[in-house]
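In what follows, subunit A forms one complex with subunit B and a second complex with subunit C.
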Partner chain A sequence: MSISTYTMPLGPVHVALEEPVYFHLTVEGENIKNVELTSGHVHRGMERMAMQRTLVKNVTLTERVCSLCSNSHSFTYSMVVENALNLEIPERAKYLRVLAEEIKRIASHLFNLAIQVHIAGFKSFFMHVMEVREIMQDIKETVYGNRMNLAANCIGGVKCDVTDELLEYILKQMDVIEPQLEEIKDIFTNNHIILTRTNGLGILPPEDALALGVCGPTARGSGIVRDVRRDTPYAAYPDLEFDVITEPGCCVHSRAMVRVRELFESVKLIRQCCNKMPKGPVFNHMGKIPYNEAFAHTEAPRGEVAYYIRTNGTDKPARLKWRVPSYMNWKALGVMMRGCQIAEVALVLNSVDPCVSCTER
Partner chain B sequence: MQEIIKGHAPLIDALTPLCTGEKAIKHTTDLYGNGYHWFRLDQSSKIKDAARILKGYQARLIMISAYSVTDGPEECKELCYHFDVEGIIYNLTVTQNREWPIVPSITPEFANADWHEREIMELYNIKVTDHPNPKRLFLDEKLDAGLLASAVPLSVMMNGASSKDLWERILSEKEQQR
Partner chain C sequence: MAGFLKVLFRNLLQGPSTDPFPLVPETFTPDRLRGKVVINQDLCMGCGICSYVCVAGAINIEKREDGHTITVWHNSCCRCAACRQYCPMHAISLEPNWHSAHAEADKYKVIEQKTIAYEPCSVCGKMIRPVPEATLKKLYVHNDDVDLNHVRSLCPSCRQLEDARRSAGLPPAAEKKAVE
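On to the complex of A and B.
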């Protein structure tokens, strides 16, 4: 370390999100030369807990790994158990799973975008995005009875059907939210404050994105065409039409624009689900639990969620392991923050939509 | 009619010589027709060769799962490496020696193996050789590796007076120490 560089501690709280992660920034003047981080403050031993609970009870546990991606965890967990048990789910359940997932994706992306503009100092727009997000929160509360954890998934399908009246209500709300999303897109594309603060900031070149195995909007913001919904199709996605959104800019603004444009893809998917949903049962019963191992992965709002299970003939898993999108994206911050100024750290950090609690489990 | 499972034949052919044991290779699909290929490597050290082969196919490391096998002929630890090649999943399993669990690092081939391997070292007490940055990920440096595995869950401890779980655990640990 030269005489002009020093290590600056940042955190463990109040860095973009009020979750504990501790950064060690090597800085030269205002410029960041190197980034290291210390985590482990909220390790909850959830994988160990999962091995002491039954397969059925773990649906509830896994939904609590993460708040914004909560549905993706119970979804992927149910899928991995179904793979291990060779349990098929009804057609209607496949559509209902996608419906819940895309509703959560819109709410999650809007939350991240709202925080992004809040950090950029654009408070009025932050309030507006949060207000638009309330439309999705209302849908969640009306359809599922909860604003965060939907408890929609179960092993073999979904817990509750969604009535035709509620599907009609969701379609109407999509008509309400879409023009407001257009407004948000327009502001993100053209607003001077946003462009000045985020365009060209926190560069992650495609070769680094590939080498570090980053996923979700973080990868797609560097032009990497990677989306589990398209690459390893599951649930009703193979029957639905949507585009994998990428942006070439590799910067904070690119990652935000991926999320903005994905909002419209999710609206498209929700409409297709409501219109094409077949009639029929919504879950199948579990059969005998064999000795087996299985893997499943899905595209959560923040990126790929992966689950691995080993079953041993009992109703408790011999091992349940999962990996969340943030786990892969943290290391990319070292590349993104190099050369940035200290004041820009929070913006760059938020651009990967980080989640500490799910990283540490 | 025989089911065709999606996969890359040259890659499967290249990995096959590393797995000569009985039932060391299996191919499965999920309910949506996605392909999953499972390889049980002969030795831990072969994971390095397998990683180089997969790197040549632009594979992406998704996750490394460590676990204890308690229902086999003797208790041991295993690692399962999950790779993605164009949406098809390749799972490579290596069994650890019970006394000296050790595996070579694949971080030089796959940079994103870094955190996975550091987690395995501190939570499962498996030695990962030639890791470029073998620092603690979650636990403080002062704590022993594998410490959390030695903790007794609160539920087991509280039920210790009335159920056999706690006593059976003590007995099995005493057995292992002999």
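On to the complex of A and C.
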């Protein structure tokens, strides 16, 4: 360490989001030379808690790991238990699960984009994006009964059947939100403030992205075609049409653009779900719990969520382990932040859409 | 920049999108909002599946000789609707009531509590929870000849005997007793 470099602590409170993560930045003047990260401030021992609770109760517990991707957790957990129990879910439940997942994805992406422009100093646009997000929040509240925790999934299907009137309502709201999303896309593509703050910032080259195993919009923003929905299709995704969005820019702006363009893919998926929704039951009962182990993974808004379970014939899991996308993605922050300025740390951090409470659980 | 100015002026003209609650009596509350848990005491059989699936431990069922009391603590309840999902009698529902403010002194009183009284079996006198009429109608939908009020007053084992008697063409147990 030369005389001109020094270590600077940043965090743990409110670096980008209201979630704690602690950076040790080695800086030379304003420029960052090295990044180290300390986390664990919100560790709640949830894997242990899951082992002390029954399989049914854990659906609710895993939904509370994190707020923005809450549905992805209960979805993947239900899938892993169904794999362990060899339980088939009804066709209608598959579509309803995808519907809930895509509604959550739009809300999550809009939230991240809003925070992105908030950090860039574009507060009025932040308010606007959050206002557009309210349309999704209203859909969640009207259809599922809560603005964040949908409680849509249960082992063997879904808890919440969506009536035909509500499917009509969702389709109507999609027509309302789509022109507003077009407007947001236009502003993200052309706005001077956003482009100067984010374009070319926080470069993650594709070879580093591959080496670090990043996933989700962070990987797709570096031009890597990686999407669990396409690679190992689950639920109703094999029957639905959508594109995997990639951007070649490798920077903060291209990661944001991946999210912006994915909003339209989600709208497309929601429309297809509403139109193709099969009739029938939404829920199959659990059978005998065997000695077994199983794995399931899905594409959450931030990337791949993977669950592993080992059952031991009792109603409590012998082991439940999950891996969330932010764990790989924030390893890439070291590459992204090298050469950045201190003022840009929050922007770069937000571009991977970190979910600290998921990662530390 | 022009793109955003258009949005900005439109939003200015639209005015605030928030409701000035509590100055207005009610705000956006959809019918399916998951609010406070309500128990239908006509249907609750006290089987306890709700407290088995409740991750928050908010439901307690106290069984006594002459009845059972089911209690839901609203302050513990996380409104995951698992009880509603798994209740075989559909006795639990979540009403769209999200008003949960209360004085500190009332914190143990914010509960939903229903006591279901048991009745003696008309044949053997054992205390039982009579099966709700709607459920009996469903169970005996193909047996028009059965007197539902009589079946309702029987305990499970007497009902089984009763069914066997009916199959064998014998008179009902209660009538037999009266003859003796």
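As a convention for this text, the second predicted complex is superposed on the first by the 361 of 361 C-alpha atoms of A that agree within 3 Å, B and C clash if a C-alpha of one lies under 4 Å from a C-alpha of the other, contacts with A are read in each partner's own complex, and residues count from 1 in each chain.
In the analysis below, a contact is a pair of C-beta atoms (placed from the backbone, for glycine too) under 8 Å apart; a residue touches a chain by one contact, two chains touch by 3 or more.
Note that the coordinates shown come from a computational prediction; the quantities given were computed from them, not determined experimentally.
Undergrad: Using the overlay on subunit A, decide if subunit B and subunit C clash or can fit next to each other.
TA: Partners fit side by side after overlay.
Undergrad: Which of the two partners, first being subunit B and second being subunit C, lies in contact with A:323: first, second, both, or neither?
TA: After superposing on A, A:323 lies in contact with subunit B but is clear of subunit C.
Undergrad: Return first, second, both or neither, reflecting whether A:149 touches subunit B, subunit C, both chains, or no partner chain.
TA: second
Undergrad: For A:134 in the superposed arrangement: first (subunit B), second (subunit C), both or neither?
TA: In the superposition, A:134 contacts subunit C only.
Undergrad: Roughly what angle, nearest 10 degrees, sits at the C-alpha centre of subunit A between those of subunit B and subunit C?
TA: 90
Undergrad: One more residue to check, A:125. First (subunit B), second (subunit C), both or neither?
TA: Second partner only.
Undergrad: Could you say whether A:295 touches subunit B, subunit C, both of them, or neither, answering first, second, both or neither?
TA: First partner only.
Undergrad: Name the contact category of A:61: first (subunit B only), second (subunit C only), both, or neither.
TA: second
Undergrad: In the overlay, answer first, second, both or neither for which of subunit B and subunit C A:187 touches.
TA: After superposing on A, A:187 lies in contact with subunit C but is clear of subunit B.
Undergrad: In the overlaid three-chain picture, find the nearest pair of C-alpha atoms across subunit B and subunit C and give that distance in Å.
TA: 12
Undergrad: Touching subunit B in one complex and subunit C in the other: list those residues of subunit A.
TA: none
Undergrad: Sort out for me which residues of subunit B touch subunit A in the complex.
TA: 30-32, 34, 36, 38, 60-63, 65-68, 70-71, 80, 82, 84, 86-89, 91, 110-112, 114-115, 136-140, 148, 153, 155
Undergrad: What residues of subunit A sit close enough to touch subunit B in their complex?
TA: Touch list, subunit A to subunit B: 39-40, 43, 45, 48, 52, 79, 82-83, 86, 88-89, 210-213, 228, 231-235, 238, 293-297, 304, 306, 308, 310, 312, 318-319, 321-323, 327-328, 330-331, 360.
Undergrad: Spell out the residues on subunit A that touch subunit C in their complex, using ranges where they run on.
TA: Residue list for subunit A touching subunit C: 53-54, 56-61, 63-64, 124-125, 127-128, 131, 134, 138, 141-146, 149, 151, 154, 159-160, 183, 186-187, 190-193, 283.
Undergrad: Taking the touch rule as given, give the residues of subunit C at its contact with subunit A in the complex, in rising order.
TA: 1, 3-4, 7-8, 11, 17, 28, 30, 32-34, 52-56, 78-82, 84-86, 94, 96
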